[in-house]
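Presented below is the structure to which this report refers.
First chain written, first letter: the chains are A, B, C, D, E and F, and each begins at residue 1.
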């Protein structure tokens, strides 16, 4: 064999010639990079995902995640991490140690917890209800996806996109349908980035101008709440502890997610004595986790896995799940307003979806467009944050029944 | 089965009904949180330990550390980390990769080293002796625990609480009696937090006012030391290197702890050229290690493991070990004072215990109470820091003979 | 057996008596520490390597990396990481999870990428060529080492020292000849530290004063380049993406290194929206990786592995590789100058070696010595950075044919 | 049971659970507030507290940094003298 | 084939590959520059851009720190008044 | 041997070892000091050195931060002019 031949065989050119899917995947990677970099769609995740996708699809680099059959051995045993690294390279080492073990999403949730302020929710506890109604999209899409031929576990992973919460969607998919991890993660993060488009769309479709002009502050003046919080710090410290316990009892399978969320929140609220810990949770730990989560999730998307009709269905289904969740939240407010004197702005239902805090900001802008004095941000944050809990609980139920 | 039944089985309510131990454990978790948050008892560790304990005791969450028999296979083999994560969840993944391997305590010791200033000890080297006498509590309690029916390995883990050094106690227990990790870690950190109570208690019992008024600075004037340090930086750089080598030769089994301590100290003293490394050692690495150490140590304490008479004995034994160690240090000073003209304040013996730097601060306050001009802090720090080396050496001996 | 005997057997004194190699290794460790601390030779790596070496050579401490046969099992299987930690301690746990898997060098390359500015190279793209010529040392030494009796894989690891790039040298050696990791890493980092000596040496031997006085800025004025960059930010973002793809296609086995380098660079250039990620890549991740890389590489160097003639040959061969690489770069410039009107200062060839950015600084100083107005730094950086790509590509070729 | 029937049941269980949990959030939140108001009031006007909170959050990292920086620059002898209203 | 012959061949393949890749670096770099110049010019003088870049890099971490620190010290009412030329 | 006898022996070995090691700490510490005093004196009064040390520790992180922050705010043209005694 001549030098030139050897040289040629070292390259991946032949692989590209053989499989034109690679080129298509590179285009998709380019589009995702464009969305992340230029359009600023959740760049912290889309850029690593896109780069991981590109690396994974360049044949010969050994940077693509292999299906789990490759690491299965006889007798219900698996290759160990050292063997995985040896046989399949560092990307699989990362994937099978950090992702497939379900490790990173709870770790990121710890950071999310340490960044979350439950204050707005505690000041408007009633509104937390609407984070429940806005989970309907998850189950509605689960239902339709099964009808379309997905397995229940796959359908649940698809539906959870409607939870509008990245780590929750990824964790659920790891547990139920890891082969769909790539497209589901991309759909989840893309639609979260598209909240400024989706929320106004659905809201305008379903709400009258009069409803959108409901002024929460004036309602508060008309019907003041009984419980003024006298010691916010104490309440904020007790809240994650009590909630952590109660959620663990009722939906044990949501503990890895919500337990870590509440732990992160607790160390934030305790404050300066454990600032080293909350700094680590929101800083080095969360950033490192984000890099490796993104790269490895991207690396699962080889052309064989990604280029099929299911991916299209996930993209479409995810959008529907988002829309139904928003609609569910709005509908719940409308029902409530029928019964109660103290009216609620339906935008607070729309933000029950979660996608914190962008949904709240978008909702606030919509409200201001109709009435430049109607600031609803703090109220939206209440249902917005409760939507995080809501979708993690929904995830727990799904994992518990289908996992 | 009806929906309600299914729903009920998803929850952990039945488990709680079955085992009331769970509720007791939650109360203990609450007490530890109270101590950490409100009383500020070593909050950096007690809060994660308490939260880990709570998560571990909520049945169904899969957040409790399983006994090592669960990961043993035939033929002296063990499940690999990927299988552990799959079978037992992320908390066991963390425990069996970071704790049971003995990894985190040395890592934390690296950070401790990078935060430790050997300057006060180098300026008063003689006082380092008293860090030896203050290890007597370790062995005294080892002796009595064996008499009370503990195995030697368990007794050693119990005794090491008297070393008053968290990572050392945890490392020794991992090596000798991992099933006692939870209560021993809690006892160690609690008593370290209680140093402001224990040290004055023992000191007042054993020392006369005259002794506590011994003024070290005046003694230094009366009997000045011969060796003035002309180039502190050079001495501080050479010290951890030489000590690292010598300790490794004499007590090889203490190398994982002391080797990392001296390495951390070296990169601190080298200064600005390797500031990136010492920043990492004391920052992201140490904080991350602290979070995961706390959570997983807490997660070992299920009700079955924790709720028995041994735990009570550990709590009591740990207190005795602390008290005897302090008394040992004081006694050594008294003996010394009988023989030498240059008298030493017995508080310097009391701080030989370690519990850096709180013991020194407490001792300083005691001294100031008796004579408002008698600042002993720098002198206490000498024996205080040498106590860290002393207990790590003692741990090495114990591991070497019982491991 | 008396207490004294037991005490003696606990120590490592007998081991030292048995093997005087230990003492020699301690001296070598001391010398490396001296070079790192006092001479400031790449202290970020030499200090951890030296300390790891010292810890590894103190018998009984269990801190030395065991040969890979110790972790091999029957049937092409290996001990898992938990078993490695149990059987061989934390240093082997670190080595076999982070180093032998090839994990840390790409991780460090991600940080290097996030610290690298391709700007100077993009502004003087032509000069990137000379980063190719300066790889000749790698292959020249490969050739001679085979002649001297090294296996091809060993010879390639030796030659790659001439790439003057730490992570590349380490990664290649892990893949091809892990038993030589210690001396090759030390040689690579030592010679990079000695660039201020080696570059002037070779340059003065090969270049006339007239050549060294060639003023690049004046050449630019005489023959201005056509392509002014109108939107540097866009170019800098597109560059790592396009290069990442193209390199992956042509030299797939260099993807773990160059893919991560370009990813790190991309997140740097995208800027503030993903600053969390680039901060992590250059901060906590890279610093942590450096500590553990250094310690474990040092810990591979037990006296049995290090004290033999091959180590001497590696030290000598590495120096030759460096010198030939520099000479190759200079020669390429000379050939170019024969053909082109727009002359190039041969220092720009010398910096093709890489060893960024020290080589460029040294070259700049040489130029200024001959003409105090001849600032060549920016031009040198162009070939300097392209030398990083060049040696990673060379490494890819070697791994592809010999791995 | 058909997959679809199962999915319907799952929808029921899921939405019920979510509603139960978020009801508990509301309920327990209110209980905590009442409990704290009764036993740990430390009557602090919410607004002041909030500002203080924020301040202390900043303080921890940034004020400490600037103050100690100025101190260090001047060997412990200096302090910022002019900080005027915006 | 002898090891030495193989090594020679490897040298050939290696150096050719390195030259090809760095040629591609030059080529693609120039193509990107041309493409960007044509389609995304955003005519920004390079120097200004650079300074701005640098500033914003610092800004992000340090200016923010100092400014907010001063703000916080003074409860949002203070600012640095005297910053003079070096 | 009984466990208790063994424990007593362990106590002996342990305390002897601890005393030996801490004696070595004292001994080697003094030797290092003497060695350094003789061969690397760099006569620096301890107090000055200490302050310098401290300063440089702060410097690295905080002074650098404040100084560069001020510089950046002002585009490299500003510096802190008034830092007065406490």
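A few points about this structure:
In this section, a contact is a pair of C-beta atoms (placed from the backbone, for glycine too) under 8 Å apart; a residue touches a chain by one contact, two chains touch by 3 or more.
This structure is a prediction, so every number in the text was calculated from the model and none was measured.
Steps from subunit B to subunit D, taking the shortest chain of touch contacts, total 1.
With B-F and A-E as the two chain pairs, more C-beta contacts join B-F. For the pair subunit A and subunit C, the distance between C-alpha centroids works out to 39 Å.
Averaging C-alpha coordinates per chain places the centre of subunit E 37 Å away from that of subunit F.
The distance from the centre of subunit C to the centre of subunit E, with each centre set as the mean of the Cα atoms, comes to 22 Å. Centre-to-centre separation of subunit B and subunit E, using mean CA positions: 46 Å. Counting partner chains per residue, subunit F has residues 13, 17, 65-66, 80, 82 touching two or more of them. Within subunit B, residues 6, 10, 80-81, 250-251, 283-284, 397, 401 each touch two or more of the remaining chains.
Interface of subunit B with subunit D (complex): residues 3, 6-7, 10. Those residues of subunit E whose C-beta lies close enough to touch subunit C in the complex are 3-4, 6-8, 10-11, 13-15, 17-26, 28-30, 32-37, 40-44, 46, 49-50, 53, 56, 60.
Of all residues in subunit A, those touching subunit B in their complex are 71, 77-81, 84, 96-97, 100-103, 106, 110, 237, 241, 244-245, 248-253, 255-256, 259, 263, 266-267, 270, 273-274, 276-277, 279-281, 283-285, 397, 400-401. In the complex of the two chains, the subunit B residues touching subunit F come out as 119, 121-122, 125-126, 128-129, 131-132, 135-136, 138-140, 142-143, 146-147, 151-152, 155-156, 227-235, 238-239, 242-243, 246-247, 250-251, 271-272, 275, 386, 389-390, 393-394, 396-398, 401-402.
Across the complex, subunit D meets subunit B through its residues 9, 12-13, 16-17.
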